[in-house]
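You will see chain A twice below: alongside chain B first, and alongside chain C after that.
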Partner chain A sequence: MTTIESRPETATKAPPGAKRRRRVHPVIVIALGAVLVVALTYVLPPFRNYQLATVGAYFCVTAGLTVLTGLNGQLSLGHGALMATGAYTLALAQNRWESLPLSFALAVLVTTGVGAVIGLAAARLRGPYLAGLTLAVAIVVPSVTSTFDETFNSDQGLSVFLEPPPEQYPMEQWQAWLCWAAALVVVLLLALLVRGRFGRDLRAVRDDETAAKLAGINIARTQVLAFVVSAACAGVAGALFAYLAQSVSPGAFPLTLSLFLLMAIVIGGLGSLFGALWGALLLVVLPALSQSVGEQTGSQRLEGNLALIVFGVVLVVVMLAAPGGLASIPSRISRLIRRNR
Partner chain B sequence: MSTDSQLKELALHDISVRFGGLTALDNVSLRVAPGRIVGVIGPNGAGKTTLFNVICGFVQPTSGSLTLDGRPWRPRPHHLSRLGIARTLQGVGQFAGMTVLENVMVGARHRHAESEALAALERCGVDRYASAYPGALPYAIRKRIELARALVAKPRILMLDEPAGGLDADEIAWLGALIKATGTTVLLVEHHMDLVMSVCDEILVLDFGKPIALGSPEEISADPKVTEAYLGAAA
Partner chain C sequence: MSEFIYLTFDGLSRGLVYAAFALALVLIWRAARIVNFAQGAMAVSAVYVAYSVTNATGSYWLGFAAALLAGLALGVTVERVVMRFVDHSSPLNGVVVALGLVLILQGVLGIVYGNEFLPFSTPFSRDAFEVGGVAMLSRYDLFVIAAVGSVVIALTLLFTRTAIGLRMRAAAFAPDVSRLLGVSVGGMLTLGWALAAAVGSLAGILVVPTELGVHPTAMDVVFVSAFAAAVVGGLDSPIGAVVGGLIVGVLLSYVSGYIDVTVAPMAVLALLVVVLLGRPGGLFSSSKARVA
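After this line comes the complex of A and B, so read on.
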């Protein structure tokens, strides 16, 4: 809890009209990020570029989820299913019309619509009941694909028809650019959205619904909006995954994906977009790491489950060392330095 | 707008609230004229907060009606702020995960939220806590922050639910001066008699949901029914 961390004595000492933290404008941060990513794609080998692209795709969904869960307090176990919605929409649209921008737009649009429906129900539910509803959504994905197997081709899934990238660019570099362009646009929009009144409303609803109502906030509308925004982000991520894998199947969006997403934003730092970036990084790095360890031991059973164990251990360690997540570490350190000075 | 409606900015007409077998409010009527400071007092469980909850739309009256500016009105909590009605909560309902400044900014419904919020904090004498988190602050400070959040909306009707609870004598004197200086209509639920008697133009006394007296502070303090309700018939 933040209440335990903040120290009133530093506040009382501050003069009237105390200096407030100046925040760098999100546009500057995003521009720097874009430069960094483009530079990285020129030095990384192809496989690393592919992993970088995957981080970008994950970043879209973790950013959206951290706004929903961290800032608005709505727990969603169904974001994997929302990603599946985006992925399948991209696949179906791409195979029919063969226009990537159109397919992306449709993927986001459809996922947003699905998110709105879930969000409307979610706004009436709290805590474990909300988690239950979203859990059901996550579980239902494979059944949907097998029930309507003529459209979704059951467990086999669909392959995605894609134009090759321009000749002068390697495939993986192109993928990394596209994924990160999407991720940075998504995160910039989120950052601009949550830094103003909407962000305050989200957190006010999370902290005290009665007081938020009296401040003129429409609770249900704020919650549905948060869910819709978050779903749109998941839609972008799902579409990017379909684009990266050039296929979609229910196996790519299991329940564990939704759980991993949630763990990632908690480890990264709930409610922080930087935390969402850390989470996205871990979602790519930890499974890759545990896979290489598993391969060395030669045990197939270990290989499949090691990622989950590693994630669990990291979660426990981070929560013990920095309850605010990885994103809170810099401010913890600076506070420690100030205290000892 | 007719003069009649101007004289009754907010009015309750024969409001009754029953929770199952319990009658929380029993035919309560109240007319609040603009700029007046109206106190609602009564022993614990008299229905004071329920009365506030009816005006805020948290509780639907079993019977009776409300009017705002002479027009029939069905309150909804999140519409109050737009209508110029602000209310503080008895148990300081603050946003624990937000700084004091942000807490007050939530109440500001206009563009210059930050400067308005700072001004409100300054007016309540707690601007130095702007960047702190409310959970770590003493109760009396949090009460003031709560007041700042209500004031920042520049309400025309200010509803204060036990604002003096937990405050010392100096702070209560400060609060009384602030209430008088707001210049807005004030509805005040309060146990602290000195405060109620010194600031209110009019006082409504409730006992077990029934209105037992309505009048000026002098009339109320001289009313034997009020003494009886507070001290009990046997006392």
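After this line comes the complex of A and C, so read on.
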């Protein structure tokens, strides 16, 4: 399953890769993944299936973000806000037309449009400036819901009208299927996209803009496209979140969500789609663990906040000790062994 | 007209707080080429220290002093323990580590104090004086003006008139040469972080009582406003940060007063977009090229 990733890339220096593994075509990996997920949904109890579905939803956005930040070097703190855009679009469209496919399509379309606008601005900005602008987006978007409270119903948010799934399948299993179908399609498209010329352009722009320009790459276009692709993924994830929760509210998309997403891709290894899966998994597992710790100690304050601390510590430690993330650790170790010999 | 005057003064007073916070960002940017995204969380931590001290002793001023000391200590800790070891080959790394610190600080504060808004009162009345029937400044506004004003003057004197200020500027401008001349570059960097964090804490303790109260995320919006202020002024210029802060403060005051409070964050975003796209170096930038 380690094969859909391009070589583990880092925002800093790509470690001189260990031996290249032979690449299996992404379609095969995704097909295997689909079989695995379907098998899992029959084994797991309902609540685990719901968590599995959440992992799928997170996988969409982390995969998109890792392409943007890891492969193209643009740091976005606004993906939580983009998810909110997708989620609210789904809710509004669903409550008006009651057709899930149409609502999904609209959610992705609208989010892509918003992403294109941010991307156009982002293409002119670098480093901390881009981070600051997207941070502003992440903080402003929730406040939009109280400005236009007739449409978005302020802090209470909206409930989402959903038709029940076919009778023979339990709700959670159906949700897991839908989320993972979306996630696998998204990741397959991303994997195919970054394998080819587009992926090469992304990396070239990240590593050296001047050299990329000399090689005939249109830098602004590449950066905007990366943002648009990544925003579309965030839109899918946002729509899935609205579908899973059957409601949307600004509280579900705080700044910490955007920071969590960043943490997920940094830990997974920036630029690695497989790392994005690990990140998505951690996003579901760590809060659940911290909640159970909180319940055991009977401390309500511990429940939500322990996860924050764990995420923060992991983020800092990974950045200081292994900027390539988990995915780069094997090659780091092998390098260390070689050096000591 | 009287509303206009009131909003202008209110905006200037609020803008001074943004100016102080932006100044903290600029100090660190000049010293280390890092935009300290953890500044907001660090300032909130200091305000929580003030909250505890004030509640324990009943004295606002002990809390005030404790916040500034906590800010200094936090700045030293963050620089010595974390930021010093960040690989600076990509500007992303510093940002990501700072965001990690935000998560840690907010988590710790949430566990210790809980995720509710805790009330924090001002030492002076916030009722505005009236001059000829027009509401202008409150006692608290005067206090803010005095506090931020003395910090700005003190920093200016420090950087332009003292040997240590000269060393700090040299260490930031040409680290290698300064090191050869016997300046402790690392020490100056730590000092810069400590000063910046203390100034940020001052801004925090000034702004938090005027809003909903102390909360782990209380400074998020303030951070964005101050970042906008720093960008308006050009990240490199302390004077720019002060002017930028005043511009942002007055703009926000007008927007909240004439349109709606909830529109204010959007106005910040719009200002940020306009400045970044139109004049990315800021209104007061001295250098032509952005370095990061």
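By our rule, the second predicted complex is superposed on the first by the 297 of 341 C-alpha atoms of A that agree within 3 Å, B and C clash if a C-alpha of one lies under 4 Å from a C-alpha of the other, contacts with A are read in each partner's own complex, and residues count from 1 in each chain.
Note that in this section contacts are C-beta pairs under 8 Å (C-beta built on N, C-alpha and C of every residue); 3 or more make two chains touch, one makes a residue touch a chain.
These figures come from a predicted structure and were not determined experimentally.
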In the overlaid three-chain picture, which partner chain does A:L100 touch, first (chain B) or second (chain C), both, or neither? neither
Could you look at A:V38 and tell me whether it touches chain B, chain C, both or neither (first, second, both, neither)? neither
Taking the superposition on A as described, I'd like to know which of chain B and chain C A:V137 touches: first, second, both or neither. second
Let me test your reading of the model: by the given contact rule, A:L125 touches which partner, first (chain B), second (chain C), both or neither? second
Partner, of chain C and chain B, that touches more residues belonging to chain A: C
Quick one: classify A:A288 as touching chain B (first), chain C (second), both or neither. neither
Thinking of the overlay built on chain A, is A:I217 touched by chain B (first), by chain C (second), by both, or by neither? first
Following superposition on chain A, which residues of chain A contact chain B and also contact chain C? 11-12
In the complex of these two chains, what residues of chain B are touching chain A? 56, 58, 77-82, 86-87, 89, 93-98, 101-102, 105-107, 109, 113, 118, 122, 127-138, 149, 153
Report the residues of chain A in contact with chain C in the complex, numbered from low to high. 11-13, 69, 73, 75, 77, 121, 124-129, 131-133, 135-137, 139-140, 143-144, 146-147, 254-256, 259, 262-263, 266, 299, 301-302, 304-316, 319-320, 323
Mind listing the chain C positions that touch chain A in their complex? 34-35, 37, 82, 85-87, 89-97, 99-108, 110-112, 114-115, 217, 220-221, 223-224, 227-228, 231, 235, 260, 262-263, 265-266, 268-269, 272-273, 276-277, 280, 290, 292
Note which residues of chain A are touching chain B in the complex, please. 1-4, 6-8, 10-12, 14-18, 20-21, 197, 200-201, 203-204, 206-208, 210-219, 271
